[in-house]
Amino acid sequence: MWEFLNYLMNGIVSGSAYVMVALGLTLIFGILEILHFAHGEVYMLGAYFAWTILRVYDVNYLLAVFLSMVIAAVLGVVMEFLCFRPLRGKPLFLPLISAVGLSFFFTDAARILWSPNPEAISTGFNRSIVHIGEFYISQQRILMFTVAVASIVLLYLFIQKTFMGKAMRAASMDLEATALMGINIDVVVSVTFALGSALAAASGALLGPIFVLVPHMGTLVGLKAFVCVILGGFGDVRGTILAGFLIGLTESLTVGYVDSQLKDASTFAVLILVLLVRPSGLFGTKAGKFY
Amino acid sequence: MDFLECQGLTKRFGGLHAVDMLDFRVEEGEILGLIGPNGAGKTTLFNVITGSLVPEEGRLTFQSRDIVGMQPHQIAEIGIGRTFQQVRLFENLSVLENVMLGRHCRTRTGFLGAIVRGAKVTVEERQTRERAAELLEFVGLSGRKNDLAKNLPHGHQRFLEIARAMATDPRLLLIDEPTSGLNEAEGQVVLSMLRKIREGGVTLFVIEHHMKVIMNLADRIVVLNYGSKIFEGTPAETQQSPEVISAYLGEEIE
Amino acid sequence: MEVPSRLISPSLIWAGVGILGLVIWPFLIGQYWLQITIVSGVFVILAVSLNLIMGIAGQLSIAHAAFYGIGAYTSALLTLRLGLSFWVSLPLAMVFTAFLGYLIAIPALRLRGHYLAIVTLGFGVLIYQVLERWESMTRGVMALTGIPRPTPFLGITFRTKLPYYYLLLILIGIVVFVVYRIVNSRVGLALKSVREDEVSAQALGVNTYHYKVAVFSVGTALAGIAGGFHAHYQRVLAPDEFSFVDSVRILMMVIVGGMGSVSGSILGALVLIWLPEILRAMGDFRDLVYGLAVILIVIFIPGGLMEMFRRSVAFLQRQFGLSASGDDSVVRRD
């Protein structure tokens, strides 16, 4: 019973991290239909930014997370401007390759700027464990979960309530029509990249202390975030949130009750299964379009 | 022998009856016109006949053979060709290649044949090229056979699509709005092509928006409204039918 | 239009010079560059075969390295466990890879575009996980070692890089020949029609589903050949050569070379293997520059290197008045 609760909680926590990464992807995909393969690297950079800020300035951990988000947001805007904007309206495999180029660039940059060796973030939260009966959880995980839920709610409100959010939704339905209505698409896209990148960076900065930092840590997380986007139905925000938690739980229960070796494989097995049964994703309705 | 016959044909989208209990026949050798207000289900009917959509109810036979449930490529094989309302060419292939692809269902070369490339294959390929060249001659595009299809002007793209459909050696050709987007002169060229095609023994089933055009072209006309047949007769009868006039009321008759 | 059949034509001479060049190439370079040449040759096969699936038939696959890996491990394990000769295991590996390609194609090709891309991506990651985790069979990250060299063939022993090089040349020749013949045939046209417009293709009698499954099987079979060769050349296999990143690398070769162009894929593979080697001088900054180069290529020459080459030839011809002498076999592009 306690064991199950522990696995459940672990699944929910890592699920919330996946959701944070996947939300940015899903927004970007919804509007530009780009498979943004460098998004996992933004997650990685977020972790390294926070680590560096903590090392150099010795500030409060939460402030470091926030600063990391700000830097990532700026990076997201610049990245979109340089690498994706020139390719808008071109066949969609071109931005895909551009994104892959970016991901090589970021991974190597991290190796040069920091180090190829694993680093650990010490936050003060990851050592203190809370327990109820035999149910254990570190404060870091509680923090991760809290921030994730808060940002998911905030993002949701932003999309539903603000003008910019509505413009984003409109753009994801029909980019051209939105442009014709006099909305500046470039701004919408920039905001989307800023938000998405900040969320991914926050996820990295929060999950980083639970694991270790290595330059290629983003690749697998990025791929899993993709799985969430697909299961969620490509560009569907609610679907992506549900899918993120589903993936987190699947992994954690696989580790607990099947074989910890199969943790990563389980995600992709779920993906293939779901797509074979329901090609438009668990929650989606949109059809894929490539050329 | 019945040519194309449909009985009680019904195709629904959700609650909407796009084609509703439709009965009609296409007689061999005729030009049958299909008209009706926007959204009457004309293109849906074409999509059902060519296997792109599967009807919920009804019988559909071609030369006494049940064709409901056949795949689009099988429909092409048994001799029903089509063109599309919005021209659909293989844009990045040459004009000649577009027409050569029309010969696909009349040729046999497979992967192994292509690799080995024996005598049979080269002969077949030469025949394909020759037939394609003939058809391009017929539609007057011989001079542009090496251009990419997307670089042709719109009128020529229509001609090309007709040549491509003819390359499948159809017995019945479904033509969706042959003159749409064409100027007067180009429209006349298309109509004379269609008449020549009929003289060559191919039956035509034509959707057309322009009343004047279809009245001149067709031997008989079927009128659809809300997926049902509201009239069937000669062009002259159709023009005088009160049902047809009231169905078109409020719509501009061109 | 008929090309006069002359015994000696300029293109024949150029082909002869090219082949001669390839034959004497190993004697012009050292062992290190011969190694790079062989690696790039393997990727030529991979890029050309992926181009058949992706450039010609328009089916985006991000699992090509996984099929490459399946070919490599199959051939290696057949020789190691069953004691088969390389000359038997190579075709068997090809057949088995094609079979797996066929199995994944059947369900995956019901999907289009992004979905197909992601399913193949998922499949690729899954295969990688199997190679890494099924230690009793593949030895996982410990690497599969002791893979035998090919047994002597017609008295030729595979003790040095040289016979491998010539064997690879022959394999590339076969693969390029097969792909070239397929592309320039009724089948090739049908595959291109699938890429251009499936609805139209079906209306002309093209069984698009059949062609998609078939092209997947053929393309993956060719990747299996590359894998088989690699296994017995390298003689050590570890899963990390067949990861998602490697699939994407092959994908980039096709795109950088120019989608749909066989010669472009060859060029793309050569450039993307040799570029990092030339960049090796940059040490740590290698992947950084590599990533940048890829982005710049995609942004500034999205049609690929082959397209750029054609354009510059056309530009030079215009500059110097060397028009194409009314040759109507050339496809006009504007």
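Going in written order, the chains are labelled A, B and C, and every chain counts its residues from 1.
One rule holds for everything that comes next: a residue touches a chain if its C-beta (ideal position, glycine included) is under 8 Å from a C-beta of that chain, and two chains touch if they have at least 3 such contacts.
All values reported here derive from a predicted model rather than from experimental measurement.
S.K.: Quick check for you: compute each chain's CA centroid and the global CA centroid, then name the chain with the smallest gap between them.
M.R.: Central chain: C.
S.K.: What chain is the most remote from chain B, judged by the mean position of CA atoms in each chain?
M.R.: Ranked by distance of C-alpha centres from chain B, the top chain is A.
S.K.: Counting in whole Å, what is the centre-to-centre distance of chain A and chain B, each centre being its mean C-alpha position?
M.R.: Going by mean C-alpha positions, chain A sits 49 Å from chain B.
S.K.: Can you check how far apart chain B and chain C are, centre to centre, with Cα atoms defining each centre and the answer in Å?
M.R.: 40
S.K.: Need the CA-centroid distance for the pair chain A / chain C, whole Å please.
M.R.: Comparing mean C-alpha positions, chain C is 33 Å from chain A.
S.K.: Under the definition above, what is the set of chain A residues touching chain C in their complex?
M.R.: Going through chain A, the ones touching chain C are 33, 35, 37, 82-83, 86-87, 90-95, 97-98, 100-109, 111-112, 219, 223, 226-227, 230, 234, 261-262, 264-265, 268-269, 271-272, 275-276, 279-280, 287-291.
S.K.: Over in the complex, which chain C residues touch chain A? Could you list them?
M.R.: So the residues of chain C touching chain A come out as 58, 60, 107, 110-119, 121-123, 125-126, 129-130, 133, 195, 244-245, 248, 251-252, 255-256, 259, 284-288, 290-295, 298-299, 302.
S.K.: Could you list, by residue number, the parts of chain B that touch chain C in their complex?
M.R.: Listed in rising order, the residues are 50-52, 71-74, 76-77, 81-82, 84, 88-94, 97, 100-107, 109-111, 113-115, 117, 121, 124-125, 128, 146-148, 151, 164-165, 167-168.
S.K.: Taking the complex as given, what residues does chain C use to touch chain B?
M.R.: Of all residues in chain C, those touching chain B are 177-178, 181-182, 185-190, 192-193, 196-197, 199-208, 214, 218, 328-334.
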